[in-house]
């Protein structure tokens, strides 16, 4: 079976001459999860933007479900690094936006996202504006918006980086359970080694800018909540830390 | 000796009625470091703003060097959660701003911050605007700006949360060494348990909103770079995780 | 902004201060061209019953129609300038046409649209149009691309971008532009109502001016100020409803 | 914005399109009140040598002085509105005084400042002042408090906040306001130059109008458009230097 | 819409003709208002709509656009319009058959040292250039041998008066009724065209040439109604006084003693008046071609 997400020698040079990534190749199979880890500024966000159809790579091809990405894929949800929320929309309006854009009536869309907001601990904040929320709450709203459209592919740019330790683990567990239930394909950018090991069945380590693939680490044990407490988890973390340190 | 930083039954109710913190008391001695950890939205930023003289608490007193905080303390530097950089200033202008405001001539101030920028890996980006940098780089600029004024007290709001794992450890080490050399008093807000344990000689665990002190954990081993690799480090992390989980 | 007790006091104080400054100035200038405010307000009140109120209402209608006409054209065009391609096409027209004193085109407007109310509304509307367009365009061009990316990733098409990003992001600036436009529209009334009409505050002021009846002139100015002030207040209410997030 | 090859093409195309529209309109209207653009441009070129250039220069000076006068007052006052306390004091004055058609105050200005260039500059300056003030105030009030906190924590005093936060944050909006002001200033020239002067584009246009010499009238309008366009371009250059970060 | 009572005098096609006449709020136009309100136009079988204007500029623009068919203007305006290519014609003299009907005056600033026309030599005098105001000023000064004055351009009449009263110019040429008002407020009357030995300024009734050619009867009917109104006013000026004060915008301060003009019967605009204005316009270089009297002036009766 063809991989759902595939990068073929992707390269990106910004118009101002900044070379963000170079010759990046990797792939993710249907229903699998892949974590991308690399130092700050190495082009992780750039890579995700390419797969979201928001940027065209200057070299190589990005494929989703075997087709070159030329527009935002309909069955993929993107969670942005700085939340990507709209300051002029309330929490519930932000969360329901993906559904609305897919043609669901505003009222139904809001009804549909209510349980998701509850699950993410945002009940009671439906009519707040993002500015009125702390950073972590904003990130959770962004997460709610992505989940609302029940995506088959999730592209995530450091989705938990603004969350406190407890909420983060809770949300990681929540995401993992969701993934095991829905079996959507996940591409997750992170700079937390623990997060990469906990959530990524495959871990792609990028070098400093321009980002290149240093190593692809297979991590078949990922995919259960208990993995976090096992010795193998710490083992894997150490392995990834070594690769990251080598960049 | 009187503590350098002291919170006496601090409470804060925002004008819209949101109760952010309640009866928070703790203290930090001269030259010591204290980490505050708590879930998202529990009022950590609020607490830091109070000590920075930017907000007046609605209850209790915040003391710095024995005096009630009514204005930004001259010998303290604040690093904000969302960097607090000015989009209209270049990297070097942002970094030199603290010095300039303290009366250093613009030219000298810029000369003075160059080595700090180099140390933080920002060489070559002096004339970029924050918008042109990745999140991690922006956080480092904010860090450079604070260090430039050689503060005796550092107040930090999740300073490393946008950094990748490697840079984060590097900067944590850098901060620790700096602290051991300069012996400034540090108050650090974080949601990373590892970070709190690595950097805080005292760890204050806050509850959910409204934030109250759940526990104050003494952590005398903190204060050396090697601590990170010791068994005691993992022990302490587990202890803190338990307190955090109990909130 | 109105409604709050404190704000209302601000207006009372400002009104009183202006009254006193005016009075003192009138005392020193000692010229029929600057009557005392007490005289003017007395005349204003007296004239309200004698038709001034109707003139105000007519002027208000003309101003509001003009602004609506201008808005209905300027906002879509301005928002479209969010797209670099379209902006590159529209901007030169704007830059070439905006700095013309549009009042000078009055003969052309009369030629094309006659001397009725349509011409008046078009004259005012044209001037206001450019002010709103310039501001809306500036706002539309300066939208953070991040928001667009965020929406595009949700599968949005162009229409959605305008609806969910470009329009709301520009709304506060459009409202600022509207505030400026209210002042302009009322100032232009003064010219628009100088032909083929015997109604409106512009007509009143022009008539008073031409017979050097400065008391009526200032009474008309007070009426205009009052009209502008009311429209301002209406805008504030609209802004508070539409831009709660600011 | 100028300088780039593509942009320059945009202006050429826009100019050509306007020329054609004008020509076609003139063809159908068939009235001396709308002469053919070719006639107007020929007259414009011919008159340039005969003093039109000097009139343009004089008008430009008056417009620029007025704008500088307005800026020097409106920016400080507008920026001060960043502070709620001051805003609460200034806002009512603004709201009461802005919607007055300031042109009507011409007799008063002449009374106070005579009929020389000072009066003209004050008349234009007063109108532009309010436009810049409204925009600057709006910008100053909407500054993210986060920036202020960030600067305060560095030990900044009020002066620093204005210098490092309020002023730079408002600068883009001030430049937008300036763009609008350029148009307004030139439009008001038309009135300011209708008294006690025989120089300036306003005088030229008014004179041409009063003798129904529409070719000269439109030549004057072309000159005004050109003047406005040049000031616009100058603003663009200034904006690119001052607001590189946008 | 006014009611249309059955007209006694005519069942002709002229009944359908509607004349829109643009009027400034000045005393010259008063008979038209009287004729309209007294139903005289209906009596002569012509429908007239009065379109009010505040300034000559906009009135002329409307005339050029064909939005109005007629107006009461000064002959210089007609010459300039014809020069610009508009077919407008003088169909009758309005005011100014005799010097007494003149409406312009040169006034000196209050407290100035100007006491006679001679004193104007070398002084600043506020006018509106290329208009009848400048023409009147030139002619009056010339006939008193004043060669040199510094003309200060001030278009708006109220502003000109203001400037004069504030002493910012030495003198100004103003039309009635502001000339009387300025005098009332302390300005010194130096010279008015009523003091001249001949009429130098007139106002005329102007129609679009097209209407004169296609509907001469309607124009005639208009003039007849106008004439009757003028006679009625002249016969009993006091009974019209209140309305006159209102319509001609006579300032309150001077209303009581203001002298109502004598309105002459419609008559052909005399050639010698025309030539004087025309010659001045030619000298000033305002015309690109000669505008012959025969083309500009018609007399239908």
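In this document, chain identifiers A, B, C, D and E correspond to the written order of the chains, with residue numbering beginning at 1 in each.
We take it that a contact is a pair of C-beta atoms (placed from the backbone, for glycine too) under 8 Å apart; a residue touches a chain by one contact, two chains touch by 3 or more.
All figures in this text were calculated on a predicted structure; none of them were measured in a lab.
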Keeping to the contact definition above, tell me which chains border both chain D and chain E. C
Interchain centroid distance [CA atoms averaged], chain B/chain E, Å: 83
Can you check how far apart chain A and chain D are, centre to centre, with Cα atoms defining each centre and the answer in Å? 49
Chain E: which residues touch two or more other chains? 61, 64-65, 158, 162, 166
Hey, what residues on chain A touch two or more of the other chains? 82
Which parts of chain D, given as residue numbers and ranges, touch two or more other chains? 31, 33, 107, 111, 209, 214
Every chain pair meeting the contact rule: A-B, A-C, B-D, C-D, C-E, D-E
Considering the complex alone, what residue numbers of chain E touch chain D? 56-57, 60-61, 64-65, 80-81, 83-86, 126, 128-131, 152-156, 158-160, 162-163, 166, 168-169, 286
Of all residues in chain D, those that touch chain B in their complex: 146-147, 149-156, 160, 164-165, 168-169, 171, 243-245
Any idea which chain A residues touch chain B in the complex? 37-42, 45, 81-82, 133-137, 140, 161-168, 191-193, 241, 244-245, 247
Chain D partner contacts - residues on chain B that touch it in the complex: 49, 52-54, 72, 74, 76-78, 80, 82, 84-89, 97-98, 101-102, 129, 131, 145, 149, 155
The chain C residues in contact with chain D across the complex are 1, 6-7, 10-11, 13-15, 17-18, 29, 31, 33-34, 88-89, 91-93, 95-105, 107-108, 111-112, 127, 130-131, 134-135, 138, 142, 172-173, 176, 179-180, 182-184, 186-190, 205, 209, 214, 217, 220-221, 224-225, 227-229, 231-233, 246
